[in-house]
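For reference, the structures are reproduced in the following blocks.
In what comes next, chain A is part of two complexes: it sits with chain B in the first one and with chain C in the second one.
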Partner chain A sequence: MGAFLDSMLAGRDGLGGVRAEAAAALLRDGLPGPREEAWKYTSLRALEQRRYAPAPGEATDVPALAAFALPGVDGARLVFVNGVFQPALSDLQAAPGVEILPYREHPGQLDKDLEGHHGTGSADAFLRLNTALVEDGASIRVVAGADAGAPIHLVILGAPAAADLAWQLRLQVELGAGARLSLVEHHLGNDEHAHLGNLVANYVLGAGARLELLQVQDAGERATLIRRGSFHVGEDAQLAATTLEAGAQMTRHDFRVHLAGRGARLESRGVFVLHGRQHADTHMDVRHEARDTSSDVLWRGVADQRSRGVFHGAITIAEGADGADAALSNKNLLLSPQAEIDTQPALEIYADEVKAAHGATVGQLDEQALFYLRTRGIPLDAARRILVSAFCSAVFADLQPAVLRERLDELLATRLPQAGE
Partner chain B sequence: MATERIQMESELRDRLRAPATGNEAVEAALSRRYDAGFVTDIESDSLPPGLDEGTVRAISARKHEPEWMTEWRLKAYRHWLTMTPPHWAKLRIGPIDFQAISYYSAPKGPKYKSLDEVPRELIETYDKLGVPLHERAKLAGVAVDAVFDSVSVGTTFQKELAAKGIVFCSMSEAVKSHPELVKKYLGTVVPQGDNYFAALNSAVFSDGSFVFIPKGVRCPMELSTYFRINAGHTGQFERTLIIAEEGASVSYLEGCTAPMRDENQLHAAVVELVALDDASIKYSTVQNWYPGDENGVGGIYNFVTKRGECRGPRSRIVWTQVETGSAITWKYPSCVLRGDDSAGEFHSVALTHHCQQADTGTKMIHIGRNTKSKIVSKGISAGRGQNTYRGLVKIEKGAEGARNHTQCDSLLIGKRCGAHTFPYIEVKNPGAIVEHEATTSKISEDQMFYCRSRGIGEEDAVSMIVDGFCKQVFRELPMEFAVEAKKLLEVSLEGAVG
Partner chain C sequence: MLKIDNLHVRVAGREILKGLSLEAKAGEVHAIMGPNGAGKSTLGNVLAGREGYEVTAGTVEFEGQNLLELAPEERAAAGVFLAFQYPVEIPGVNNTYFLRAALNAQRRQRGEAELDSMQFLKKVREKLAVLHLKDELLHRAVNEGFSGGEKKRNEIFQLALLEPKLAILDETDSGLDIDAMKLVADGVNAMRDPARSFLVITHYQRLLDYIVPDVVHVLAEGRIVESGDRTLAHELEAHGYGWVAGRHAPAGAA
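Right after this comes the complex of A and B.
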């Protein structure tokens, strides 16, 4: 057993039920190695050798509310600091028909939700780790026909502590038939800690439901963040997800969508902007399992300095899922000779009445566009920034409200190559 | 050439415009589904099934090979023993019993000194297959090396080519006549331990073609090898090595067929191409091994390692393949672009019908500056066929200005087939541009309706649409092969509609 699993699981003998099973499987199989296809481009060798203190650990410096507020995101608020729910910073007031249960205050609900999702995709090491040890997180349920109104803000914050911590969070989001929910998953932190975060989120969208999900990942630049979102999209339900990956030293984001009901629809927009020695690995896995389902995935990536960006975008159209319409596009900018981009769009198709297309590019800024801007008197540095920024913000084009879009553009701007670099 | 092509195409078009085929014509067409499925009745000299060091030594002894070659084989064999068969491909492969295969089979009798000594049955076999070995050869203007089971039975035009310094002979001959060249290049592109099937091939390879084009020579005619599996319970393990020295160029064609049998015969070949400065090699394959019957019984396992290395600056390697046969096709003709400004191309049509499976594609490894590669892959799945494109485009740190464009299209015909695309793109140089696009669709109702309304029968319409779909690749084939490839696709797709 490596130092990592030892530090996580030693002395945890009292686990029962699904937790014990998950821990045993994790000890048996360990973390995935480089020969495992899904981890081909992301090495866990360094992580395997690290030791973390078990969360919860006391946070020494928790920022004020204003530090993480986002304009236009003014519904209920759930704040987790180093993986621990903070009632004082949170606001659970929500629209009628919306039930928000933090697991720390409702441990019975956590056990129920863990049991409910036992066995689904359980071969994943980090899902097992989460199942074995998770104590915090929340369940959010919207009853049939209800509209949750203003976006719910889920803040996941890393704060300095006496030692580097490893925390587990679980999220269970269920939308009844025709329900509507807007949710913002917001990760942030500063560079004074190197915690490991492991978030597992399960989403169930009933018939005709609509979920708008915005993921802003701006975690501390020494943090490691593992996220796994599973979405079950029912008949005529819609999932619209927008993702920004800007923070963390190492991040792995699994995004699995099951378009399980007839007419289910996914729209995913995302961008990663990397610099320094950041490593970001995004795995989109879209499964068309019913007739007339559609998916539209558009992701962009920028890798500068010594960073490495990995994008895996798989579309599977199952037998019988006729009428499926799938499109995936992944465009990347490689800005430095030490950076690397690995992209892998994949199609697996078992039905014939389908339309499926994907495209991927890796390149650099258009010389002609740069030239044009320079002829207008814009210095080279500024011209490059304008073009990179335009390249990235295309993914936010449809995001509402405008003030939120502007805030994200500002955040992006701070991550782009700075003048003089 | 261009005018001939136009003429051929217009002929084909005329044929396609012919009135809708009646039932009789369809029936007749169906019965000739696999033309090459006959067995030639000829006595053969085979090693008993089984594989151990003795087998490797026995093959080497039969070919009267020098000591170094035997050692080379044994080294590969010992390495193979330490390896396990790979499982990562998207293929369902029945277990292969390597001890049940006979690793050497050759027509009985002394080695033929010239084509005149080749027995009539063999010449007839190749005539039936449309491969010109004799008088017709002169007309066709293509030099042929004919490989029957484990050995080469004859190579045409050797004298004419030798006058230009070109060596075109079987691998066994080359080991004896040009040992220095074989020693220098064999295994330098695909090393003995490269992968499971390449290691096996290195140990037991029986024959294949050897081509050497000296500095500055443009090969005056197309060179080709025709592979024929005849004996049962045998495997075919040929090894081809093509070397083009500075400024040389050559176009090489390869065709293959096998009898209809209900066993799965293994064909594990290795092809190595070496292009030095400014050299150009064009390698075209029309693969028509027996695909098995409608229920997936029998057929060839075609597990081949093909790789070319552009060693010198401005060199160029072009792979073109039309894969219509084999129960399972598993190969990735690749280019290592080491020389600056070198270029690699891969053009492929892969068709799977009935229970055929294909996992094929290419690797383009960009190492030199300003290297360019182009990939065009067309996959057609019909019946219960499973067709996978798997490719890698890798831009290494030093490959400043590298450029790649990849296009993968899949066509689905029928409810139970599958089409899959797994491209890998790895870029480590910011001066590179890599583009990949892929589409999957079926033949649309609109296209069919348009053709039908013009009085074109359903089968012909499908054939026309498929032809159009593949045109980009066929254009890369030498004309004789392009015509054959078109015919093959038509035959293979019969019964796919309706």
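Right after this comes the complex of A and C.
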């Protein structure tokens, strides 16, 4: 057993049920190696050698509410600091028909949700780790026909602690038939810690439900963040997701969507903006499992300095999913000769009468456009920022409200090459 | 204003300008005419500071300073403007945002106060009217989906807004019908000023019926081979560039 799993699992002999099964499988198989296709571009060798203190740890420096407020995101709020629910910073008041249960206060609910959704059959090491050890997180349920109203803000914050921590969080989100929910998953932190966060989120959208999900990943610059989101989208239900990956030293984001009911729809917009030695690996896995399902995925990637971005975009159209319509576009921009972006589109079609469009590119800034801007008096670094912002602009173009879109554009701008770099 | 002396320029290992000399004083309009491949666009690009143009000999002075050691944005702030032969489309960058960024970047570099959006829009409206440009162009991305004529007029619009001291027009007439050319010429003529100089690079004499030059130069084989007043343009039109080449055949040729 490597130092990592040793530090995570030593002394955890008392686990039972699905937790024990997950721990045993994890110990048997370990972390995935480079020969596993899904981890081809992301090495876990360094992580395997690291030790983490068991969470929960006491956070020493928790920022004020204002530090993580987002304009237009003013519904209920759940705040987790270093993986621990913070009742004093949270506000669980929600619209009628919305039930928010923090697991720390409702451990019985966590046990139920684990039994139901622990990912039977999945060999994902981080899912197993999460299942074995998770104690915190929340379930959010919206009953049939209810509209949750103002966006619910899920704040996942890394704060300095005596040692680097590893924390597990679980999220179970269920929308009844025709329910509507807007949810913001917001990761942030500073560079005074190098915690490992491991979030597993399961979403179930009933018939005709609509989920608007905004993911703002602005974690601390030394943090490691592993996320796995699984979405079960029912008949005529809609998932509209917008994702910004800007922070963390190393991040892996699995985004698995099952378009399970007839007419189910996914719209995904996303961008990663990397600098320094950041490593961000995004795996989109979209499965069309029913007739007349549609998916529209548009991602942009920008890598500067010595950073590395990975985008795996897989679309599977299962047998019988006739009338499926799938579009995936992934364009990437390298700003430095030392940066690297690997994009892997993958399309598997087992049905007839489908439409599928797939495109991935990796390029550099247009020298002609740079020169044009400079001849008008715009300095080189500003010209580069203007062109990179323009490249990313399609991702947030439809996001509402405008104040939130502007805030995200600003956040993006701070991650673009600055003067003197 | 502008003094070019014995300029030699290589592009991709090939010498394009071979000892070009030219002097333009404040308030003058100089036309540069010449056959394809003579080096006309190279002159515009090297003055604006495009990468890949290697100056192997000669000097370029602009208002007493060495223009060649300045970055493109510094040249712009100093007052040099190039209207592109092929204006670049920049998807995702709003034209108004671009124009304001450009104007304020120049003002910052010159130590002048930036314009706020009210002041900027007032200036924009004034200049739009002169060029008969539609407001709608301001809300689109820079040159994206513009017709050929709209792109060229957008260049002259930028010229009007940025108010440079030296404007270089690189074949601004190419691809324009007669009406569009008249609009462009009106825009340029409205900018003529005792303190402003123009280099009008063109293949055809036609544009010079509308923008009447003070001096006409013929550029051939990388050098100015003949200079004269506006009547020289008409002679070229009548006799073709072969006429000039014949009068300046290199020594030793038949």
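Convention: the second predicted complex is superposed on the first by the 417 of 421 C-alpha atoms of A that agree within 3 Å, B and C clash if a C-alpha of one lies under 4 Å from a C-alpha of the other, contacts with A are read in each partner's own complex, and residues count from 1 in each chain.
Operating definition for what follows: a residue touches a chain if its C-beta (ideal position, glycine included) is under 8 Å from a C-beta of that chain, and two chains touch if they have at least 3 such contacts.
Predicted model only: the values in this text are computed from it and were never measured.
In the three-chain model built by superposing on chain A, chain B fits alongside chain C with no clash. In the superposition on chain A, A:367 contacts chain C only, with no contact to chain B.
With chain A used for the fit, chain A forms the apex of an angle whose arms reach the C-alpha centres of chain B and chain C; rounded to a multiple of 10, it measures 70°.
By the touch criterion stated above, A:348 is placed in contact with chain B alone, chain C being left untouched. Once chain A of one complex is fitted onto chain A of the other, the partner contacts of A:37 are limited to chain B, with no touch recorded for chain C. In the overlay built on the shared chain, the residue A:390 is in contact with chain C alone; chain B does not reach it.
A count of residues in chain A touched by chain B and by chain C gives the higher number to B. In the superposition on chain A, no contact is made by A:49 with either chain B or chain C. After overlaying the two complexes on the shared chain, residue contacts for A:375 are found with chain C alone; chain B is out of touch. The superposed three-chain arrangement places the nearest Cα atoms of chain B and chain C 14 Å from each other. In the complex of the two chains, the chain A residues touching chain C come out as 366-369, 371-380, 382-383, 386-387, 389-391, 393-394.
Across the interface of their complex, chain B is touched by residues 37, 319, 332, 334-337, 339-364 of chain A. Against chain A, the residues of chain B that register as touching in their complex are 88, 395, 397, 410, 412-442. Taken together, the chain C residues at the contact with chain A in this complex read 48-51, 71-73, 75-77, 81-82, 84, 87-88, 90-93, 98, 101-103, 105-106, 109, 141, 158, 162.
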